[in-house]
Amino acid sequence: MSEVVSYRPAPSELAYTFGGREAVRRVKPGTIVELYTEDCFGGRVRDVGDLPSVVCEFPYLNPVTGPLHVEGAEPGDTLAVHFVEIQPARDWAVSSTFPHFGALTTTHTTAMLHEPLEELVWRYDVDVAAGTVTYHARRGDLSVALPLDPMHGTAGVAPGAFESRMTIVPDVHGGNMDTPELRAGVTAYFGVNVPGALFAVGDGHCRQGDGEVCGTAVEAAMNTVVILDLIKGAATPTPRFETDDALMSAGSARPLEDAYRMSQHDLVTWSATLTGLDVLDAYQLLSQAGTAPVGNVCDPNYTMLAKVDKKYLGGGATAYEGMHARLRAEARDYLSAR
Amino acid sequence: MSEVVSYRPAPSELAYTFGGREAVRRVKPGTIVELYTEDCFGGRVRDVGDLPSVVCEFPYLNPVTGPLHVEGAEPGDTLAVHFVEIQPARDWAVSSTFPHFGALTTTHTTAMLHEPLEELVWRYDVDVAAGTVTYHARRGDLSVALPLDPMHGTAGVAPGAFESRMTIVPDVHGGNMDTPELRAGVTAYFGVNVPGALFAVGDGHCRQGDGEVCGTAVEAAMNTVVILDLIKGAATPTPRFETDDALMSAGSARPLEDAYRMSQHDLVTWSATLTGLDVLDAYQLLSQAGTAPVGNVCDPNYTMLAKVDKKYLGGGATAYEGMHARLRAEARDYLSAR
Amino acid sequence: MSEVVSYRPAPSELAYTFGGREAVRRVKPGTIVELYTEDCFGGRVRDVGDLPSVVCEFPYLNPVTGPLHVEGAEPGDTLAVHFVEIQPARDWAVSSTFPHFGALTTTHTTAMLHEPLEELVWRYDVDVAAGTVTYHARRGDLSVALPLDPMHGTAGVAPGAFESRMTIVPDVHGGNMDTPELRAGVTAYFGVNVPGALFAVGDGHCRQGDGEVCGTAVEAAMNTVVILDLIKGAATPTPRFETDDALMSAGSARPLEDAYRMSQHDLVTWSATLTGLDVLDAYQLLSQAGTAPVGNVCDPNYTMLAKVDKKYLGGGATAYEGMHARLRAEARDYLSAR
Amino acid sequence: MSEVVSYRPAPSELAYTFGGREAVRRVKPGTIVELYTEDCFGGRVRDVGDLPSVVCEFPYLNPVTGPLHVEGAEPGDTLAVHFVEIQPARDWAVSSTFPHFGALTTTHTTAMLHEPLEELVWRYDVDVAAGTVTYHARRGDLSVALPLDPMHGTAGVAPGAFESRMTIVPDVHGGNMDTPELRAGVTAYFGVNVPGALFAVGDGHCRQGDGEVCGTAVEAAMNTVVILDLIKGAATPTPRFETDDALMSAGSARPLEDAYRMSQHDLVTWSATLTGLDVLDAYQLLSQAGTAPVGNVCDPNYTMLAKVDKKYLGGGATAYEGMHARLRAEARDYLSAR
């Protein structure tokens, strides 16, 4: 079986950018990596009295674990990251409004003359065995058990062009895409921009609504297992995801229609390449068969996915030479051997 | 049982606006209406050789059936439209690219100096018994059977403020929302702006991908049955949908994030009213429990929905005094009596 | 000299839409028309105590004078409207914030959970002789005399496709473009969509900042003189303006970059046609020589202009067969004869 | 008089990011700095046969000169940069279309299925004595002399939050704002994010139309003189400019209305602070007295300015304790002594 590496960062090791950081570990392609990731508040918001604007300090927000240097990764390659497992590390999680953040509030860019919305924290109960996270209203008695559906809001590699970006930003290098589709069982593909790729991950969510409308999800520390592998000589222009059943392309931009355009454009042209379809034929097929899961509508770039069931692509469509199926098998071996 | 009215428009009776037209029929609240609707091309595109820009003439596009005057409907009321059945009227359907229309092409407003994309027509086979619509590539051999999922792209009432709008425009009066959620089993709610509400419907789709990225869906004439009913004294600011399981609000605007904001804002405030939750508590709950189905990203306004399972609203949330459940029961009676 | 027609609407004659109305007068091409236009509040906001949301009633806002039927105008022609004179009718004017209207506030479409900004009215002193409008702070002593620069926020023709649009909406038919460029001395060109063109005008501003950021300008009733003329067989895809020195194209859309794109696209392609330049050569020239005056960033569509000095187009560029120069001469005759 | 420092970078010293670079020089506050800046193509596009996509290599585009470390500058301070002189360094300049760049073309984010527009280069004659730059059509005989109006498209400081950004990006740290307002005589204010501020400047334009619609201006190497000074303890949230007559705030964001909102919001609140006006009083005054010069509508963020004549702010409004007037005087001394 593949080599297994474990890494739990000390608080001082947490990273706040993609790019501009030294690797914390070097791993070979194919390595299984067991990671701990802190929540987006750095673990400082523990109860409803812990206001993020008080207990957190900009820019020490949305820490990621990493970056990991994957040996042999060079610009022009693609990093494959299979998410084997994403497990909440605590029996609670938190969410909040945050001044000038969220889709239904004045922000730094959609700048208005209103006073900020009130800053409030909600604490959720996490029950991994029952598969639930439980919401409690702050100003009433309603409690609601929602399905646990763990995912990572933030994952990606170092950007190109000598850039270093805050972890809160999603872009073609990945970053804070905040899509519920980034759950266990998925293989994510990122274009490599710098030697070693420099993968990092964080911002676990016990679950998230489409768009993360208030600006935060059910935020949690996670114990996460990934397999990192490499496809040499294959470029990936924007993050892509693969499951057993579906292919997805992510677009991150503003306005939101440009996130939609980027994601649809990539899935149309990628599908055409995989199937040999004419581009307009692929455009038509995706127009009827595709879906458009919404990631975030609150971050510095908004994120949307374009998604299609593989079975609608005519069967012959194998992405990245079958990487997903191989990693899926490795994940099963790892989990059954544990 | 309720009164049943049938109406099949002559070609000359088709309408091309919401507002600015006399009613073709007057019905009492509670009436079951059996309708025929033409496809968005007025039935003129029948095969791959029928280019829409040649066989169709602006503004005679996207015809709707109606409007129907609902007796007693006054501004400030809400029209409830339960979709009992939506059945393709033919064993074929069509789709196309269209110059200056679609999400991945220069348009009238996203104006660029490119030549238009090539105009191409695709003809689909419709098999109601098998529940499929079959795509055929124009420039290759691939054929794909996709699930039949009939819906109406266009439905709504006359707008307020003395306006008359092309049927291709979605806005707070409904119109060309182009959302796959408007299928049989749904009750749609529209705020009434003029006496009689003046409901009209058209633009049937055998199915549609999220966003209708190429600008058209699998376009088909439909035999459709609706029940029209009235909620007096209840205002509805933007179209809302209800199924047995879920509540939805529609937002239509540009840029796309504003369609998202409108829909989320309405669902948050509506949920707060229905449940008695504080608005920020509802904002938080929807942020984690809500979804955001994409309607269209190609029409003069883009459309998104905000959607939540009723079970996450704590059980006591009954919309419009139980109208959906009553219409659902009537629909069952009608279908079993037929 | 040309025929002169005077028209002062009774309050009951004011119009609130473009389209959907009978003409109030029929005039021959070349007629000089003396008009009175009410302010956007219908004259009901007279002092700081008159809150628009109290004294005005939706949809009776932004009244226009007209429509005027120009004999012989047919779809495919262009209506030329030369603004001879725009004179404030009173020695005061008003402006206000308005709930859910303006660029720095939550609106119906950029929907947020904030309470509306406070509704406040400002009354300006208008001194035509001195050429000033004087601002007075509501909560302090500052008074500022600003240059009087009268213009019309709203002017246009009936839209096509059987539409009727609220006067507050700008689009390709004109409407509420709210650009300071629509002042005396300008010839505006509108594509004719219905027989008679059905021109209407209103929403006088004593002056306006770029974008009308708070949602209203220095609003005033006006005594306005226009010459209405016709260019047969010449289509105009979006409103265009001409002065002695410059050509302009207007674009109205959301997001604001699409208003920019529409206006630039039209000016690039129009300039290429007028000069015989290759389109990419015109694109380059406008990229260096053009300006982009901002109209409104608060109405249902935003408006931007693309503008270029005629002298940069190489001298031979005469638009609409010299219509502007002829109307300018007629205007001088009229003014000197008065 | 102030100390004068001269710096002409070797090609290997050019920078391609704001942030992530060591300073090339350390200067004291008040230093006059004589700089040479390369054009956005790194000087490699010299004639119409030099296609940028062939002779330039990503990411070695849009080089800047610097960064300069200003002693004593700390986060929370403001860097004042007075532009004393901007002189074209050659008697020619170039412009071009560029695949996937510009406002009227498919781009990486406004992703469409069109082939790119043709890549073309235009070479301008620069005549500093005559004050002209002369355009020559590529496919016709038209030549047009346009006024020389030299400016810098790119100027700014290192961003905060450990970020490093490509020089092509404008944001709150400055960067590639591409506004014609950044000409000689202006003092620009940038909030300091890192010790030493790390100022850099480049991308000289002989002139530019509003929005830089084709994606490039009349691109030129420049000999530029600036004075760098420091305002301790004064924060600046987004770049601001001051001339003898006017105050300006810059906003950089997408969609374009958010660039408008950011700039207007900053100028409204800054004006209120400077004058003691209530914020709504300032909002009203700017709504009528303000202008909105368009910067770029082609870069990764779009840029707009909000601008107001100081005389409309009531006379008492002195920004940054009179820094502009002092630097203006120093500039005069320097120029007269030379």
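A, B, C and D label the chains in the order they appear, each numbered from 1.
What we mean here is this: a contact is a pair of C-beta atoms (placed from the backbone, for glycine too) under 8 Å apart; a residue touches a chain by one contact, two chains touch by 3 or more.
Every value quoted in this text rests on a predicted model; they were computed, and no experiment measured them.
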Fill in: Co-neighbours of chain D and chain B - touch as defined
A, C
Fill in: chain D against chain C, contact positions shared by both copies (same if over half, else different)
same
Worksheet item: Which chain pair is joined by more contacting C-beta pairs, B-C or A-B?
Response: A-B
Worksheet, complete the sentence: Here the gap between chain A and chain C, centre to centre from mean Cα coordinates and rounded to Å, is 48
Worksheet item: From the C-alpha centre of chain A to that of chain B, how far is it in Å?
Response: 33
Worksheet, complete the sentence: Here the gap between chain B and chain C, centre to centre from mean Cα coordinates and rounded to Å, is 35
Worksheet, complete the sentence: Residue ranges of chain B touching at least 2 other chains are 104, 110-113, 117, 254-255, 261, 264-265, 268, 280, 283
Discussion item. Could you list, by residue number, the parts of chain A that touch chain B in their complex?
Written reply: 95, 97, 103-104, 117-118, 120, 122, 133, 135, 137-140, 142, 144, 146, 207-218, 254-257, 260-261, 264-265, 268, 275-278, 280-281, 283-292, 294, 297, 302, 304, 312-314
Worksheet entry | Residues of chain B that touch chain C when the two form their complex | 16-17, 19-20, 58-59, 108-113, 160-166, 251, 253-255, 258, 261-262, 264-266, 268, 279-280, 283
Practice prompt. Mind listing the chain D positions that touch chain B in their complex?
Written response: 104-106, 110-115, 117, 255
